[in-house]
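Okay, so chain A shows up in both of these, paired with chain B first and chain C after.
This part shows the complex of A and B:
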């Protein structure tokens, strides 16, 4: 039981890390390698508000999310729209966006170093135990899990039920046909990209309450997010959630019952197995 | 009008340019520094290394510069980021020598990067007084590269220091003899754990839990839950900064009650105290300083004044004191690298950590191994012959 709860909490963390990338890669078709830097920036904002004015990170997200949304909108318009316009195929866009965002990730690391300095930023927030079914867990991890449930639930409802969600799903499935039925593909893609950035930064603010970050840790989160998104299936919210939870459960299971040293090996083994069995990911559509 | 303004500005620029060129050519020394600003070790370098480069240069310039053969020379820093990549460290050193023609080159940061770049420092004959490298092979290293000096100590004495402190606590009756050891699965953690485990067994301790975890683990709660269920009297972790923070937080969440709680790198960082406040009273960690010493306190105050951050209680002062060794040697013998190396070998130096005197293997034999948070200060409790160690105390419950 203990393993299941710990694993679910870790899975929630992973969902927060990966959800934004899924929106950016799956919906806006931008393979954003600077995703982790956005997460670190969100974490830094939470750290800064907390140490300067004791503002709870759970409130900071309401500032972080709109700012990140605006920043990512700008990034899309300035750096990525020209790539989308000149790309002849999805493959070409993918290569171009990987190169561009790879560069952007260096720029972001440099900017963050200049602004925040290279020091670790870590603080204590909600670091007291809460008791669930007789075992104790960090309150900050539980808070992040609850937020992950709310964010993922809201995203899923919005994409599944609303008109705007429908159009976003349309551009994810068939951008060319979407244009024929009167959808402004460029605008919706920018919206999806900006939303992905906002979700990532929010996730960063939440996980900074229990993880120690510094300006150059972003790439670790990008990698983890990439694995989860690909395992779950590109462009599918449910897939990301299931993959994140599966990864969290598996890592905790291995750490507790076998050896904590094998968690990484187990995670990559799961990744390889899923790729072998279902190359398109758990919920992904087979590309034609 | 416009043209005249332009001409004036141009004339002014030219004049200042001409005035500045001879000054910079004659009276300044270029100091090259290469260390991580990005990559996995950037966080540690930002605490222990870079602020000291700034502090040293500002301190030397504030007193009128470095006296080289009777001439006062101001210092000017050239900084390179090696991205925590040994290849980049080596390239940056080459660039500093060949292209920038730096007069002084400081050693890089961390054990790995220092060892990797020792051959290139040796090839150029640069004195390399390392301050952030721990190695047990100082004798072999100095035989191969006589320009390399080791000041921070070896892994073996550091791990044995932890064993010694816990043995003292047990022999005093403060803790029992059940110990749990975890380590980060990386050269540093594995080496220290491999020394410590047999040493604990020899000292009569019972290892009730031992395990390693991968570098960059995002959840250490399974590790701490397992430690807790093994019910140890003492907990030892050979950890890196993010895990040091995570393990401490998890121990508080799980309410791990031990009489000795030891974590490694970052325990001595000011941000550790900043995060956990008074709850870390009695926590043991790697390193330490003679915190009550006046020289250290003056240094710490200047460090905060100049760089805006507090120094850590381990490597910071060591980094600065090796810069002082270099400074004193240059003032004694000038900018002749071979003469500087001979001077360092032959003399003892008065620095912020006390006397620094290298042995015949270019090794500093007396260094801090274990420190403890007592009343908000991380004080040295065990060393290999440094003065000012305080008595270790048993750790109470987490507050």
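This part shows the complex of A and C:
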């Protein structure tokens, strides 16, 4: 039972991270492989505010999110917009953006190594137990889960109900037709990309309350987020949440029952199965 | 296959160049030779990588996985089998692994392939580490009488094979089909080319070559452990070197390997913590300044000089 609850708690936070990547890949059409570094940066910020000024990570989020939004918006404008403009086909853009975001990812790992060093960092925040269904869990995990649920819910409402959300969904479904009905696709894509980065950094700040991070763990989270996004279906918020919970459960099962060193291997196997059985994602429709 | 006089000239020149670089162990000291081994190793890896990724535009990050499997073939196999059987064995295992990866992913879009290959090395590494934890064994010692010079000559032989293979593929029906796929996959499919099969066949080349390279280099490490054999850096370095040189020509990757190896050595010695930053900056330089690599740059310079009547 405690495996299931721990898995769901972990999955909730994964959902937030994957949601960020899904905004970037599904809506802005940029495969951002530097996504995990944004997460680690968010975690670093939370760590720094907590150790320097005892600011709660749940409050740091309100600083991290706008800063990450601005940073990602700049990244889109400076690095990615020129690629979008010069690309002759979707495939070309894909290759270029993969190489660029790999480059950005390595650059940020290098910078974080230079600034913070290669040490693991963790801090103890809300590290008292909470009792759920007879078992006890770290309060930080529960707090992170609750915050993730609130943010995911707000995001979903915004995408589903607001006019801006509708526009973003429009550019995800048909960028060419969106332009015909008067949507500034470039501007909305930049917005979706920046928002995705902000969501991921927030997830990083939350996840740092209970996981130990270091400057080079970003790529692990990028891989996990990608697996979740592909499993749930690109651009599909509902699928992302379910896939994230599934991955959280699977990892917790493997870590407690077999070996904690195999969590990524398990996630990868899941990915292989998805690729072979349903490459369009859990709820995706076959496009070709 | 009929060879034209130009082909004969190129073959003779290549053979002479090969004979010359084969003399390296007698010409330079130990440090020079170790740089030589590194350069030939990356030439083999980057050229075979470009044979697949050049025409198909699929970015493979599986080099480390194949390489690591190759080192383990030597590491485990040396106890039971004669050394000369290990290299072909590694090649076959690498090809089988590549075929499996190809079958699972090459029918899908490029992004899936990138993620799949990126995860592959990490997956195998975690599984081997876990196996070692369960069995209690740690690393493997590879103790042989093979010297650095032997490794160098073996790699050189492999490099010659890769170049011959690339040249042969370029002249074959498969090479022609791949050029069409690279230009426009839709067109290729409509003109009756089995695109998935062509890509899978071609992917066997970098897979088995990287595995053989790993098998050749295993004695150099003496002690093999998963984090060393499957280091993800290797995959990225190969990608950068190949793209830096340019994948449009068979000799393109070589032009990227040589300067990058020296740059990498220089950075590793002076500021060892900043190699990651170097990788990142190289990626950005390739995308924004050298999208076709040095080969493309040479071409542009030659065209410009030609149009101004200088050549």
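Heads up, the rule we're going with is that the second predicted complex is superposed on the first by the 270 of 288 C-alpha atoms of A that agree within 3 Å, B and C clash if a C-alpha of one lies under 4 Å from a C-alpha of the other, contacts with A are read in each partner's own complex, and residues count from 1 in each chain.
Note that a residue touches a chain if its C-beta (ideal position, glycine included) is under 8 Å from a C-beta of that chain, and two chains touch if they have at least 3 such contacts.
Note that this is a predicted model, so its numbers are computed, not measured.
Chemist: First (chain B), second (chain C), both or neither: which does A:91 touch?
Modeler: After superposing on A, A:91 lies in contact with chain C but is clear of chain B.
Chemist: For A:261, decide between first (touching chain B), second (touching chain C), both and neither.
Modeler: In the superposed model, A:261 contacts both chain B and chain C.
Chemist: A:136 in the overlay: touching chain B, chain C, both, or neither? Say first, second, both or neither.
Modeler: A:136 sits against chain B, while chain C stays out of touch.
Chemist: With the two structures laid over each other on chain A, which partner does A:237 touch: chain B (first), chain C (second), both, or neither?
Modeler: The answer is neither, since A:237 touches no partner chain.
Chemist: Taking the superposition as given, does A:212 touch the first partner, chain B, the second, chain C, both, or neither?
Modeler: It touches chain B, and chain C stays clear.
Chemist: After the superposition on A, what does A:272 contact: first (chain B), second (chain C), both or neither?
Modeler: It touches chain C, and chain B stays clear.
Chemist: Output check: A:123 vs chain B and chain C. Expected answer is one of first, second, both, neither. What do you get?
Modeler: In the superposition, A:123 touches chain B alone.
Chemist: For A:188, using the defined touch cut-off, is the partner it touches chain B, chain C, both, or neither? Pick first, second, both or neither.
Modeler: neither
Chemist: What is the contact status of A:102 with respect to chain B (first) and chain C (second): first, second, both, or neither?
Modeler: Only chain C is touched by A:102; chain B is not.
Chemist: Both chain B and chain C contact which residues of chain A?
Modeler: 109-110, 113, 118, 216, 259, 261, 264.
Chemist: Under the touch definition given earlier, write down the residues of chain B that touch chain A in their complex.
Modeler: 36-40, 42-43, 45-47, 50, 182, 185, 211-214, 216-223, 225-226, 241-242, 245-246, 249-250, 252-255, 266, 269, 271, 274-277, 309
Chemist: Which residues of chain A touch chain B once you look at their complex with the stated criterion?
Modeler: 2-3, 6, 9-10, 13, 109-110, 113, 117-124, 127-129, 135-138, 141, 210-212, 214-217, 220, 224, 248, 251-252, 255-256, 259-261, 263-264
Chemist: Which residues, counting only chain A, touch chain C once they are in their complex?
Modeler: 31, 79, 82-83, 91-92, 94-96, 98-100, 102-111, 113-114, 118, 216, 219, 223, 226-227, 230, 258-259, 261-262, 264-265, 268-269, 271-272, 275-276, 279
Chemist: Where on chain C is chain A touching in the complex?
Modeler: 57, 59, 104-105, 108-112, 114-116, 118-120, 122-123, 126-127, 129-130, 133, 232, 236, 243, 273-274, 276-284, 286-288, 291
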